[in-house]
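This structure is in structure tokens; I'll ask about it shortly.
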Amino acid sequence: MAASGASYTLQELMICAAAHLLEDNKTAVIGTGPPLAAAMLAQKTHAPNLIIFFEAGSMAPILEKLPISVAGSHTQTRAILHSGMLEIMETSQRGLVDYTFLGGAQIDPYGNLNSTLIGSDYARPAVRLPGSGGANDFASLCWRTVVIIAHDRRKFVPQVDFITSPGYLDGPGARETAGLPRGTGPYKVISTLAVMGFDEHTCRMRVECLHPGVTREQVTANTGFELPFAGDLQETPMPTATELELLRREVDPLGRIIGKP
Amino acid sequence: MAASGASYTLQELMICAAAHLLEDNKTAVIGTGPPLAAAMLAQKTHAPNLIIFFEAGSMAPILEKLPISVAGSHTQTRAILHSGMLEIMETSQRGLVDYTFLGGAQIDPYGNLNSTLIGSDYARPAVRLPGSGGANDFASLCWRTVVIIAHDRRKFVPQVDFITSPGYLDGPGARETAGLPRGTGPYKVISTLAVMGFDEHTCRMRVECLHPGVTREQVTANTGFELPFAGDLQETPMPTATELELLRREVDPLGRIIGKP
Amino acid sequence: LHEIVRRRKKNLGFSGHSTTHDFQILAAGGVIDRCDIAYVVGLEMRGLSPNGRRLMESGQVRTAEWSNAGLAWRYKAAAMGVPFLPVRTMLGSDTMRYSSAQLIECPFTGATLLAVPALYPDVAIIHVHQCDLYGNAQIDGISIVDQDLARAARRVIVTTERLVSSEQIRSQPGRTSIPFWLVDAVCLTPFGSYPGEMPYEYTSDERHFGEWLEAEKDPETFERFLDRYIYGVKSFEEYLELIGGWARLAELQQQEPLKRSL
Amino acid sequence: LHEIVRRRKKNLGFSGHSTTHDFQILAAGGVIDRCDIAYVVGLEMRGLSPNGRRLMESGQVRTAEWSNAGLAWRYKAAAMGVPFLPVRTMLGSDTMRYSSAQLIECPFTGATLLAVPALYPDVAIIHVHQCDLYGNAQIDGISIVDQDLARAARRVIVTTERLVSSEQIRSQPGRTSIPFWLVDAVCLTPFGSYPGEMPYEYTSDERHFGEWLEAEKDPETFERFLDRYIYGVKSFEEYLELIGGWARLAELQQQEPLKRSL
């Protein structure tokens, strides 16, 4: 999975791209895995005052070791507040959470996510997946949803089999009509090939940055719907030496997310 | 205010009558003043496991000294749980509170209570009173409301100027129609002359016990509406020597409620 | 609050539970012209506030009625981030009729419920036992409605008995009620709950409460009383000196029944 | 939970959040035939449960979808004593369409909201750090949904790491989450959260979680696994012996990152 000859992996590139999106002095609800590595990296670089919330109730901890469960003790070290799940959900519902990261089995051009099932019959799905968990809640309530997902035609589909978590639903104004808070929604999609944003008029996904070495054709070939490219298409910045050092030595020294060196 | 020659005061008689109503192993939301003296007396006599809640959030304390405020430290000594006002209100709303005691400036035949204002113009009342506080909530949500009130024609009126706290409203079925929990409502009224209950069919007040030495005529003359007498009219039991001893020595040794000896 | 009166602010809104002494102070300064109230002119066993009553009987203050729970659930709705909460209190009463609550039907059971609208105070002033410089605040004993109030208000000012380090807060995250991201200002105000009590710290000054109630009976006496205790002093500390200074405050500390074992 | 499976109960309902290992155990015994779920067959970074997936893909379990917050607010509605709560989540999604929630209009703002119905579990089993003989229970660290769950359920069973005196509970009433009047039974169950973790006590056993997931991949292997760890043992203590006994448990205690300073 190593990127073209450089001394970083694709996973590391994506984590760094995610970290760059997080601004200082903002709040983020973070799950386990790459998003957490990204948030910890952001705290160690440009966003030391990023406030991290974990879904099960830990608020603004000082993370000493990479947690592997959103309810685990490693999420709770030196926290400001030990509360419960609804304190996190109500903080989100009050509009106090800026960022969240989600994944999924399928995503469509409007950023709707499916993590419930593959198939057309709800009662007898071809594949049963975990379901919403907190994903629907954070996709509904946080200001900016960032999706991290592998880029292939099975995942980038014209219509998801099940809208587990709302993106822009069926287009402009649909979230507001459904009753979701105005101004919230998908912000970026970080895939294994590129970083996508959403057109502010059509609410449809478009490519903003290609990862180093990736071509437009590769993206098109691996996407199941029409995916335009932004006028000022950029290249995803490569991780810096400092970022890689922090990621490997401090954030994930055991290589649980970024893999063993 | 001493009753006919006996060695107890009217206040003591009423407190003992209130204490008798409280059963063991039940829960009660208690305010300050005579109801608290009654609850503490009940705990020291027939109801040692009576659970006392205070409106501001103290649950099941072991009271060492008579509290004078529902939020004060004296309500919080050796409590099972220090919570907040809504824990008490939601415990009531879930149907877990058996008894509450209320007072008021006016009461009508259906047990509706007024503690908001005297007068006919809301914006310019003749007399402004404290308002509901928690009274409306406990009258709405607790199973059995006990009222303690002085007995005269200004207080026992055909219609209250303002229904601060609901009794049976305008009669049978009215509480349920209004949306109040089925089976809740006024239980007894302890006045300076008698103990009243409510007819289960008409929901109207009727006298069940006359205080020692009080006549039917006295009650009728001091009531502003038609107040019938129960078929098996009783006499309110006089306080026993043990009760008086406990009340004066342990519950209220400073005489803040029962007065100085 | 004394400072608000000293600056002779006018036309403020007010919402409160049994925050009666707060109302007494603000009413004294003629600061308030509208309020959402549940229980205001009474001081429980201490009696009623004559000045507060005069103010409300004169029609100078526009009021809306609420029960304590109704008002607390309004804060809670705001704290939860929803525009209303369904509740089963106030139904059928005039307290409901003179509130701004609305009757609704439960979509599942068909039951009649009362919808109470979220209340977002412009400013909440909350007194706590300890907090750090950032406003991470810990309250001991009962919390009444402080947690929801801090989450409902647009601006939060925390006044505190003492400042502690952030590491101390972080060593006991289960005790934190108000995190710093809700707090706009922190004021170190020892004895800030005086003449009321602060559980685990000091008891209430019943003698001083008695003086207030006595003074309020007559408008002229009350004017002199306010001149002495509020307009005549420059700060809360000077006020504390006037009521007996540290000697009196130490008495109140000794009389506090809750002992710390946290 | 193991005992429930050993008794081979059938047709139980189940509702849960990310109580995935609980679901794994119950699903293993074929105990469940309907559930309200938010997140069940996943174990976060540990992977998905193959047996749980097989069960749900077969149509043997009737499910309703919920988000974590939707389900938690359903408990909260029950805990508050109201038949529903209005929320702003799940709107517009299939998660909403396959739930039993209802759209409503806010009587004040006209906004579209989702009404989630109160959920009253028949039985809640809650594991705590300490409680007394009457069931007054104190939980350290985050509480997830335990407080609301205890208030929502018709029957509450508290399992506890240790028993303490009532006086100890009463000396720190701010730490109590579940008071005795909500509790029907108390079980002293040291290491009751195993193989999960218990903050401030012991960390999770990732090795054993790995064995479960590995064993579940093949139905026959899984059958032997269940025989060994569940049907083959008489008690939870015997199970703990099998996984390595006190030596292993002491390791997990040492590896727990949260140190007590309460």
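Read from first to last, the chains carry the letters A, B, C and D; within each, the first residue is number 1.
The rule we apply is simple: a contact is a pair of C-beta atoms (placed from the backbone, for glycine too) under 8 Å apart; a residue touches a chain by one contact, two chains touch by 3 or more.
Remember, predicted model here, so these are calculated numbers, not experimental data.
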| item | value |
| --- | --- |
| Chain separated most widely from chain A, comparing mean CA positions | B |
| Separation of mean Cα positions, chain B and chain A [Å, integer] | 58 |
| Averaged-CA centre spacing for the pair chain D and chain B, given as whole angstrom | 42 |
| Chain A-chain D separation of Cα centroids, rounded to whole Å | 27 |
| Chain D: positions in contact with at least two other chains | 81-82, 87-88, 111, 113, 140-141, 171, 174 |
| Per-residue overlap in chain B, given as positions that touch at least 2 other chains | 58, 76, 82, 92-93, 141 |
| Contact graph of the chains (line, ring, star, complete, other) | other |
| In contact (per the touch rule at the top): chain pairs | A-C, A-D, B-C, B-D, C-D |
| Chain D residues touching chain A - in the complex, by the definition given at the top | 17-18, 37-42, 44-46, 48, 53, 56-59, 62, 65-70, 72-73, 76, 87-95, 98, 103, 111-114, 140-148, 197, 199-200, 203-204, 206, 256-258 |
| Chain C residues touching chain D - in the complex, by the definition given at the top | 81-88, 102, 104, 106-109, 111, 113, 115, 117, 140-141, 171-172, 174-175, 261-262 |
| Complex interface listing, chain C residues touching chain A | 78-82, 136, 151, 167, 169-171, 173-174, 176, 179-181 |
| Interface residues, chain A side, partner chain C - complex | 27, 51, 58-60, 62, 76, 78-82, 90, 92-96, 141 |
| Chain C-facing residues of chain B, complex | 31-33, 55-58, 64-65, 68-77, 82-86, 89, 92-93, 112, 116, 122-137, 140-141, 162-166, 169, 174-175, 177-181, 256 |
